[in-house]
Amino acid sequence: MSRTCTYREAVRMALRDALGTDPRVFLMGEDVGRYGGAYAVSRGLLAEFGPERVRDTPLSESAFVGAGIGAALGGMRPIVEIMTVNFSLLAMDQIVNSAALLHHMSGGQFAVPLVLRMATGAGKQLAAQHSHSLENWFAHVPGLKVACPATVTDARHLLGLALEDPNPVLLFEHVMLYNREEVLVEEAPDLKSAVVRREGKDVSIVTYGGSLPKASEAAEVLSSEGIDAEVIDLRWLRPLDVDTLVRSVAKTHRVVLVDEGWKAGSMAAEICAQLVERAFFELDAPIRRVCTDEVPIPYPAHLEQAVLPSTAKVVGATREVLGRG
Amino acid sequence: MSRTCTYREAVRMALRDALGTDPRVFLMGEDVGRYGGAYAVSRGLLAEFGPERVRDTPLSESAFVGAGIGAALGGMRPIVEIMTVNFSLLAMDQIVNSAALLHHMSGGQFAVPLVLRMATGAGKQLAAQHSHSLENWFAHVPGLKVACPATVTDARHLLGLALEDPNPVLLFEHVMLYNREEVLVEEAPDLKSAVVRREGKDVSIVTYGGSLPKASEAAEVLSSEGIDAEVIDLRWLRPLDVDTLVRSVAKTHRVVLVDEGWKAGSMAAEICAQLVERAFFELDAPIRRVCTDEVPIPYPAHLEQAVLPSTAKVVGATREVLGRG
Amino acid sequence: MSATVLPEMELTQARAEALLRQMLRIRRFEEKCAELYSATKIRGFLHLYIGQEAIAAGVIGALGPEDAIVATYREHGHALVRGIPARTVMAEMYGKRTGCSRGRGGSMHLFDAERRFFGGHAIVGGGLPLASGLALADRLKGRKAVTACFFGEGAAAEGEFHETLNLSALWKLPVLFLCENNLYGMGTALDRATSEPNIHRHAAAYRIPAQTVDGMDILAVEAATRKARAHIESQGGPYFLELSTYRFRAHSMFDPELYRDRSEVESWKAKGPIVRFKSLISESGLLGESVVRRLDAEVCAEIEDAVIYAESSEWEPADEMLADVYRKGGDSP
Amino acid sequence: MSATVLPEMELTQARAEALLRQMLRIRRFEEKCAELYSATKIRGFLHLYIGQEAIAAGVIGALGPEDAIVATYREHGHALVRGIPARTVMAEMYGKRTGCSRGRGGSMHLFDAERRFFGGHAIVGGGLPLASGLALADRLKGRKAVTACFFGEGAAAEGEFHETLNLSALWKLPVLFLCENNLYGMGTALDRATSEPNIHRHAAAYRIPAQTVDGMDILAVEAATRKARAHIESQGGPYFLELSTYRFRAHSMFDPELYRDRSEVESWKAKGPIVRFKSLISESGLLGESVVRRLDAEVCAEIEDAVIYAESSEWEPADEMLADVYRKGGDSP
């Protein structure tokens, strides 16, 4: 069975489902309750589940993320929402030095089954301090897992998977996806690995999260030029499913990476390095990265769009990789 | 003229020099004064320059880093010491959202001539929370500059360069370097670019900071096996001097990267990606990364050493890259 | 700390006019912004200050040009009162190159070096440490100046609030902390955000002298600021003002205002800073209806001019913006 | 808040013995650790608790097994009193696989799930948010338990202190905050770290009841803990104890102690918790010299046994350690 809904609704369904089925689950974060969520994701949940299970927090990112870690240690299954990744910088110590490390440094005694959701990304003209994409930073840290639902169906089902995980799982929801309406597959697909969103034989376009729509559109444009692009959605940034990528490269021999992070030190750099390590002799051309220009994100639409990855940039890079620049 | 001294002394000389010559300069941080610095770097400076210019701060990383930014905006040239990179996680918001962005987002009106020093790295059995290497995170951020003095001479002279820069410059001092004694070149060399520490023709070993001694030792070992390795010290992680690397690769065609960061999302990944972009057809073999294993750093010596890059691992990786594995 | 008020400044006609003009400038400017938002000329986040005008006008009017200002994302009013021309503020709202931040910052990131207006910070609490540093620089340089640091009551729960208040008190830095308590941080009412909703009482934990002020009364705000500034000048250390106020509009243009009653908003509007000041001056006969009308007309003309300026300004070209991440200078790469 | 003491528990011989034994265990254990550090058996950071023993012994003795404990890097004493066997603590100091954290954590990261001992945190202030979360879980699960959260006075300047105290007070969480005020954070004296050196006064800013306690007096510490615990149980909200104490040894093994006079240290040693308790019991004739000697001998034997255990334990193999970054379970990759 399937129907369409927005990404926002899909996340909300997932939250409602989790709150409804597991009494250990609760949602906490800034304005998740009475306000309804900065991106209106949790609207209605306070009325349905009450203030003990849908908890508005003060503006104290470190404390409420840490409280989530503590509550997880205490047997709960907290879903902590950091309104946006931009504010996660204030909770970095708790995420890295506590959530990620506790299991290992306690000799495996303590697990931290925490789910941390954040909105991420640019595109809404929110300027430099409100447009970060720092998924790569978290994907760098052993002990954390990082997923980026890029579709309505993934948004609907990844939360449940994350909640079952005894480790801290970070879910990044790109702000430009919330309003997207797509077919929702009600039954959970296998969400363990990267997924080939479009099969193709000429080039592998690898991406995740908010950049998937751009990559997919680019593939359509390219197809009209006779270029058959495979589009891969990583889904998980940590652990990274390199096998799926290697299989694709073994077929296409050419790779374009699309990633909204600033280029230097991006997730795309890591993927490139892994492909060099594992599929170097399969590569017929240098891997190209389509990332955000290395500049604080500017406010005006023309400048913001100029610095972000775009369908046109993906098309251009792909042509180059195929020597059709 | 030259003489030997420790890295610690070299940093102290640089600090004394800066405090002595520019009245706008002051040093602040936790225990930089009466305690003499956690790594004894600033010992004696309080007595020499007084408490207004060598300021002990409370345990408030966000506030004193932010105060450094504000003081820089106000016309001072603050040197802020974050005792170790591990605690910089508590000041991440100030570093990224203020120091890095202010110049650009104010339309170029405000510069932030702040120097931020931190000890970094593992090797002293300080366990998971005190052994991070997060230089790569900072090197990801436009608006920041990042340097890693790897030698006594660089430690002596990079601070002055950083203080002249109107932008925020982060200096990472690896904890395992402080006690190293080396020849100090008193006259400042050109510190703008990466530096070839050892010329060689068979393979390029690229590294920075605390890993340079390991890379250099590995080159000596390899030389006894008839392998002539070039050792490049990046010196700056942002901006990255790719030109020097490309020149080297054009000669050697093989690359080993040595970087104490956790592998996934490491600085080494970025270097690899840039070399693929700029020198792909020069490469005769996959680039190899010698990084820290993806695990929280354990306390016992045998386990800590097992997970960190080592001379032996660099030797091993280099042999492999040369097909002599 | 009780509010021993300094000898009152006389409320002359000229002064009354100046105060009213500043409040009207903010009000009309922002009403126009709301309109322009609907017309999609302004985008991104837009946080209106309507209802809180007496604070920016009262406080900043009592500062000198040597003083520094650090503000939040709700800072159009502060920028205008500080003297950043409406033209360049409006151009910034549009994202035009003639804007006070070259158009790169937009509504949340107004800056002006010449006027010591240090932003425009969009991370709640993020401006506070910076303010202490500006004050430190002033002290180290021997400059007699105060750094006025504005923030909302929601920011008081952030760690940076605590760290900065402590540091400023410990080092006796000339910071004037201005907590604009409009009772909500987005949709979170004050008493759901802090266990001590009398924010000024937090100051006591740092031995910072503090006072509450009716933020709807521009004269009280001005008087309290003068007193606080005098205290900072004579004592060297920081001072804390909690200014009670209310935001009449939604938190931002995305806010459906599910968390408060229309009636609550209406009752505050009735006590608004402009209505209140207008009735004061009309009751006292200080300014007649015609003067107020003239003022309003002048202000509206200023705003219209600002819109024309913004409309006719150029966009910054991408290459220029891309090349300006670092300030040139020095010998580093 | 004045210190209305609960009906005194009678100081029986058995109780006196138990209290002294715990303090001696900490003292002898750490003296041995200092020795082992010089012998390079223990490495990394080693923060000795010597001088502060009355606090861990007094507080933790008054807690129940259902209560949770969160501590810092200076936590050997807390771990021992909580009942983690000296053997596994010592093995952890060595980094052996039989250690209470499997040897991976060392001195700063002692953990014990069974005893609800949640670390061992080496980031100053980092344990506080966690403690509020443990308390929240207890409340949500309807468990009657208190989370005891230990930290130094230096931590009180950190933002996490502020955020956690506010959150705990706001949500009325059962957290017992235990500030061990030993007057220094590394080399920084309290009055150079905070503008309000009476740390317990900070609690007032969150409306958290607070009290100062002579941390050198184990009976006072115990009594205050019982009272605080009772308050938390009856009122639901947090409680704050500031315990005055002193660290007799250097901050860590790297500390040259340039920041304080030898004479200051000596004068505190004369008022130390063990000397003090010993003179109390000898003056009151409660325990004779011979009992004390026997206790000490037993404690020394326990420590010697622990050292032998640690010495003879195995190292964890690297592959085992490498494979344990994530807990197994669930369906995610």
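Lettered A, B, C and D in written order, each chain numbered from 1.
As a convention for this text, a contact is a pair of C-beta atoms (placed from the backbone, for glycine too) under 8 Å apart; a residue touches a chain by one contact, two chains touch by 3 or more.
Just so we're clear, the structure is a prediction, and the values are computed from it rather than from any experiment.
Peer 1: Compared with subunit A, which chain's mean CA position is the farthest off?
Peer 2: Of all the other chains, the one whose centre lies farthest from subunit A is D.
Peer 1: Pick out whichever of the two, B-C or B-D, is joined by more C-beta pairs in contact.
Peer 2: Most contacts of the two pairs: B-C.
Peer 1: For subunit C versus subunit D, what separation do you get between their C-alpha means, in angstrom?
Peer 2: Centre-to-centre distance between subunit C and subunit D: 46 Å.
Peer 1: Could you tell me the distance, in whole angstrom, between the mean C-alpha positions of subunit A and subunit C?
Peer 2: Roughly 36 Å, centre to centre.
Peer 1: Let me have the rounded angstrom distance from the C-alpha centre of subunit B over to the C-alpha centre of subunit C, please.
Peer 2: Spacing between the chain centres: roughly 40 Å.
Peer 1: Give me the residue numbers in subunit D that touch at least two other chains, ranges are fine.
Peer 2: 103-105, 109, 121, 123, 126, 157-160, 163, 166, 170, 192-194, 325
Peer 1: Going through subunit A residue by residue, note those that touch at least 2 other chains and give them in order.
Peer 2: 58, 60, 62-63, 86-87, 89-90, 93, 97, 104-105, 127-129, 142-143, 294-296, 298
Peer 1: Which residues of subunit A touch subunit C in their complex?
Peer 2: 30-31, 33-36, 38, 40, 43, 56, 58-63, 86-87, 89-90, 124-130, 293-296, 298-303, 306-307
Peer 1: In the complex of these two chains, what residues of subunit A are touching subunit B?
Peer 2: 62, 86-87, 89-90, 92-93, 96-97, 100-101, 104-105, 127-129, 132, 136-137, 139-143, 238, 240, 261-262, 264-270, 272-273, 276-277, 280-281, 283, 285-289, 294-296, 298
Peer 1: Would you pull the subunit C residues touching subunit A in the complex into a rising list?
Peer 2: 43-45, 94-96, 103-106, 108-109, 121-126, 154-155, 157-160, 185-189, 192-194, 254-256, 258-259, 315-316, 318, 321-322, 325
Peer 1: Quick one: which bits of subunit C touch subunit D in the complex? Just the residue numbers, please.
Peer 2: Within the complex, subunit C touches subunit D at residues 157-163, 166, 169-170, 192-196, 201-202, 204-208.
Peer 1: Show me the residue ranges of subunit B that touch subunit C in the complex, using the header's touch definition.
Peer 2: 26, 52, 57-58, 60, 62-76, 78, 93-94, 97-98, 102-111, 142-143, 145, 147, 161-162, 164-167, 169, 191-193, 236, 239, 241
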